[in-house]
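Multiple structures are listed underneath, in structure tokens.
Next come two complexes, and both contain chain A; in the first it sits with chain B, in the second with chain C.
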Partner chain A sequence: MFSIVWEMMSKGMDSFSLDFITGLPERSGREGGILPILVSTFLVVLLALAWVFPPALGCALFLSDYRNSSRPLQLVRRVVSVALDGLTAVPSIVFGIIGNAIFCRFFGFGYSILAGALTLGFMIWPYMTRAFEETFASVPKDIYLQSLSLGFSSYTYFRKIIFVPCLPGMVLGIVLALSRALAETSALLFTSGYSDRMPESLLDSGRVLSIHILDLAMNVTGGDQNSYASGLVLVAFLLILNSIFSGAFVFCKRFLK
Partner chain B sequence: MYNIIAEADQKTEQNFDFNCAFKSFLTVENLTVLRGSKKIIEGVCLKALPGTITAIVGPSGVGKSTFLKSINRILETDATTHFFGDIKIEGVSIFDKNTDLRRLRRKVGMVFQKPTPFPVSIFKNIAIPLCDQSPMSRADLDIAVELNLSSVGLWEEVKDKLHSSALSLSGGQQQRLCMARAMSLKPSLILLDEPCSSLDPMSTAIMEQLLLDLRSQTTMLIVTHNLAQAKRISDQTALFWPENGVGKMVEFSGTKDFFGSPSSLEAKSYVNGLSG
Partner chain C sequence: MIFNAYKIASGIFAILAIAVILCLLLVESFKALSVVPLSKFVTGSWSPSSGDYNLLPMAVGGLAASLGAIFLVAPISIFSALAMNGLIPRAIRLVVRKLFEMMSGIPSVIFGLWGLGYLVPFISRMAPPGASLLAASLVLSLMVLPSAILLVAQAIDDVPREHMEASLALAMSLYNRIRVVILPFTWTRIFSILCLQFARTLGETMAVVMVAGNIPAFPTSVFDPIRTLTGHIALEMPYAEGLHRSSLMLSGLMLCLPSLVLFYLARRFLERVRSI
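Take a look at the complex of A and B:
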């Protein structure tokens, strides 16, 4: 980890400045800044997190709510569980190709931030669901049985009894999904596209940071230095976000005591 | 088995002056519970009159808790559990197709062995079940919380820290809070699964007095390992005993008779501390 960061710092620090963060890319990214790239990255990742949060949460609740354990329902749970594991095992390039076929072509979104976010959402769905599920499973069985014996609805049990105690674990699940989403390249290559212009709408193509790094390193002669600087931004970005969420995690834990 | 029950009914009715009609409130008919292919309890028959406390005693692992959890059907969260026989509350089978489980569980309160307050404030521990049952105004809720906490003698102790975490209470206070929470829905039957086993003697005494005070409001079934406690507070006592690894009810009679002149060999040796 240190050697990677050191390598990036030694080779990319020269390009790293405030102008680099706030400027527009010039000469295919060899010069200038990465502001549109950062904006696109934010939009893709936040949109993916926003749309996938409710279904991932619902899925986790469905899998961990053993209130009704009839055989047909158990079978459905098993199918959902296998499907989630299957999603984890799918290579990200396959997500990219399928996302391109469904969102870019079938739904006609084209190469766009929206198509990228939708595809990315499916990729991080299982990570989020499994993390949430684990958190719900850590609630003592006694509390579950107590709420069952009081005839609580699933909503009351989740929203009023276990939501707050489970908050730290849910925050960790979001961090996990966020880190996975920020580092994703292949799935977004075919969906959110390459354009390094400032996006004006969600239907505009937008290049995310990881694709920008890949493009500068592989396709743009003389783009190495900015590629390292962009890598540095990505690592810093991940560290800052992780610190914020870890802080939130610690705060929640303390607050809950 | 039915003879035992009829006999017990007679004896209990003679021994106690119930305010309510002499109609069985809870009737368990030949209940057998299987988990997977393993029988946990077999052929349990029991009747409880309204406003009585029935103690269920016996060695560990004979299915006493399984029996209690069958009555509010929370055992069913395990899909491998199967029931045979019937349980009727006020003459209505709880296994009826049309049984609304949430309604049944509100009608049959339960207090567990380990005090388990919800990880929210003391106030919310009482308010959440009430609001889940039916929406209430804040003023009504305040009154209801005070009444319920007072009914278990906890109001004076916690009135200044209602919005503190319920986990900050002592073990005895937590168990009384759980009792108040179970009582808040005005259940007509309360199942108590060794409610005093983790309490000190002082808290146990408070809890026992509480159960005796609540007897006029509800019918209670209490599983206990403490024979002295069963003797002190119950009106009738049932003994569960293992036979070939399966729990069976071998004696069911009025508490005075159970401890004074037990009819089965198992009950005699259990009461005299010779086995179990």
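Take a look at the complex of A and C:
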């Protein structure tokens, strides 16, 4: 375990510098930096988060609000829960080929950031929904029953009662989904494509960081060095992101109490 | 009212999404199944240009790598979870837990990179070529180990407190405590955790592609290179057309079905825990 991190640090540090982050890749990544790759990574991931947030929130509210409802809705709730489990169960490479078939071919987006983001959204959907649902379930039952007895609509209940106390949990859920999305390779291989140029529009192909690592290590001879350095960037970014937000989460919890 | 409609609509959207994925896989792979006889998929060789679509070596290779990984992970995760809960002091335990949490967030492509740069040369010194079933299993087991340990430790934490205290009051030995108190309460959960991790190793692509050697043949020893179904799709998809493409969709379907079954099993086991 330590050997993995150590390897990454020692080999990555050699070619790591500010120029590496802000430079353009040269000779298919053997030299030069990773700026366009960082840009397309963030475009893909943020776009995916942005489009999947409303349906993921809706699903989470659906699952938590209809827990004690009438029989037919109870059944629908169960089916939705199974469907989300199914989305978690589908391997990411299968998301990749399905995304390729639907978005790249059927809708004609080609290999593009847009197609990658749409595919990735479906992948992180269940993670986001489960995290949201867990936060909503932690609201004490009294509060829910009181708001029902006061005749609040479900929108009022969500916006005025549970929104603020649940906010830290929701942000944590988003960060969880974000780190899932950043780590993803195989779903994007056939949807957002390989091109390492700077993306000019959302319909341009853009290579994300993890595919860059894979490509340099597997297909480009002599690309190992930069591959390790890109790995270092990815891991460092994920760790910083996670530690900042879990720290903030603990702080917020204390503050709200 | 609109808000309720929004909630129900997004629920239905989720159902639609999974339905579309499965239907598309079925339809696409049916294109191959209707032209090529079924026996072609389990016998012969893999050369799509001459009409041979034998997917069996890939299925066996992937299964072997995942099973190997799970056989490594199961005892290690259970014992380290037990150690984390009873044997090591609290301060160290917290540090170890934080470390494992960090580890479980590392992307799989990093594990593959480590395997390629470190593990494969190491194995190739003992038994060339190095990229092998063994390397794939080891990388996969390292990949799922942190989250497996954390989840099993959580399961052991949830053993009712009074039972733990009763066993301590009876001065049970550690071995008896595990046998009489901990295992009866946790084995269903441990089983469901292992099911989920097994599904994860089956679906893993990148870490395996980088270390497994990717030769479509049956492995005869642990040092033979293998190709998994996931790696198979990843390697051939860029240039696949027509029947070739739809045979890859069939391998996607072959990947999906077992992991759906494993997820279903895991959930059933969890529900049994709740009803106890």
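Note that in this section the second predicted complex is superposed on the first by the 246 of 257 C-alpha atoms of A that agree within 3 Å, B and C clash if a C-alpha of one lies under 4 Å from a C-alpha of the other, contacts with A are read in each partner's own complex, and residues count from 1 in each chain.
Everything below uses one rule, namely that a residue touches a chain if its C-beta (ideal position, glycine included) is under 8 Å from a C-beta of that chain, and two chains touch if they have at least 3 such contacts.
Since the structure is predicted, the reported quantities are computational estimates derived from the model, not experimental observations.
**Student:** Does chain B (first) or chain C (second) touch A:153, or do both, or does neither?
**Tutor:** In the superposition, A:153 contacts both chain B and chain C.
**Student:** For A:239, select first, second, both or neither according to whether it touches chain B, chain C, the two together, or no partner.
**Tutor:** second
**Student:** After lining up the shared chain so the two structures overlap, which partner does A:71 touch, if you call chain B first and chain C second: first, second, both or neither?
**Tutor:** Only chain B; A:71 stays clear of chain C.
**Student:** So, A:247: does it touch chain B (first), chain C (second), both, or neither?
**Tutor:** Touch partners of A:247: none, neither chain B nor chain C.
**Student:** If you count the residues of chain A that each partner touches, which comes out higher, chain B or chain C?
**Tutor:** Touched residues of chain A are more numerous for C.
**Student:** Which holds for A:161: it touches chain B only (first), chain C only (second), both, or neither?
**Tutor:** Only chain B; A:161 stays clear of chain C.
**Student:** Quick check on the superposed pair: does A:214 touch chain B, chain C, both, or neither? Answer first, second, both or neither.
**Tutor:** The answer is second: A:214 touches chain C but not chain B.
**Student:** Could you look at A:142 and tell me whether it touches chain B, chain C, both or neither (first, second, both, neither)?
**Tutor:** So A:142 only meets chain B here.
**Student:** Which chain A residues are contacted by chain C in one complex and by chain B in the other?
**Tutor:** Comparing the two interfaces on chain A, one with chain B and one with chain C, the shared residues are 153.
**Student:** In the complex of these two chains, what residues of chain B are touching chain A?
**Tutor:** 72, 74, 76-79, 101-106, 108-110, 112, 114, 116, 118-120, 124, 128-129, 132-133, 178, 181-182, 185
**Student:** In their complex, what parts of chain C are in touch with chain A?
**Tutor:** Contact set of chain C toward chain A: 1-4, 6-15, 17-22, 24-25, 28, 99, 102-103, 105-114, 116-118, 142, 146, 199, 202-206, 209-210, 230, 233-234, 237-238, 248-249, 252, 255-256, 259-260, 262-264, 267.
**Student:** Okay, in this complex, where on chain A does chain B touch?
**Tutor:** Touch list, chain A to chain B: 66-67, 69-71, 74, 140, 142-143, 145-153, 156, 160-161, 164-165, 256.
**Student:** Tell me, which parts of chain A touch chain C in their complex?
**Tutor:** Listed in rising order, the residues of chain A that touch chain C are 1, 3-4, 7-8, 11, 54-59, 61-63, 65, 76-77, 79-80, 83-98, 100-102, 122, 125, 129, 153-155, 158, 179, 182-186, 189-190, 210, 213-214, 217-218, 224, 227-228, 231, 234-235, 238-239, 242.
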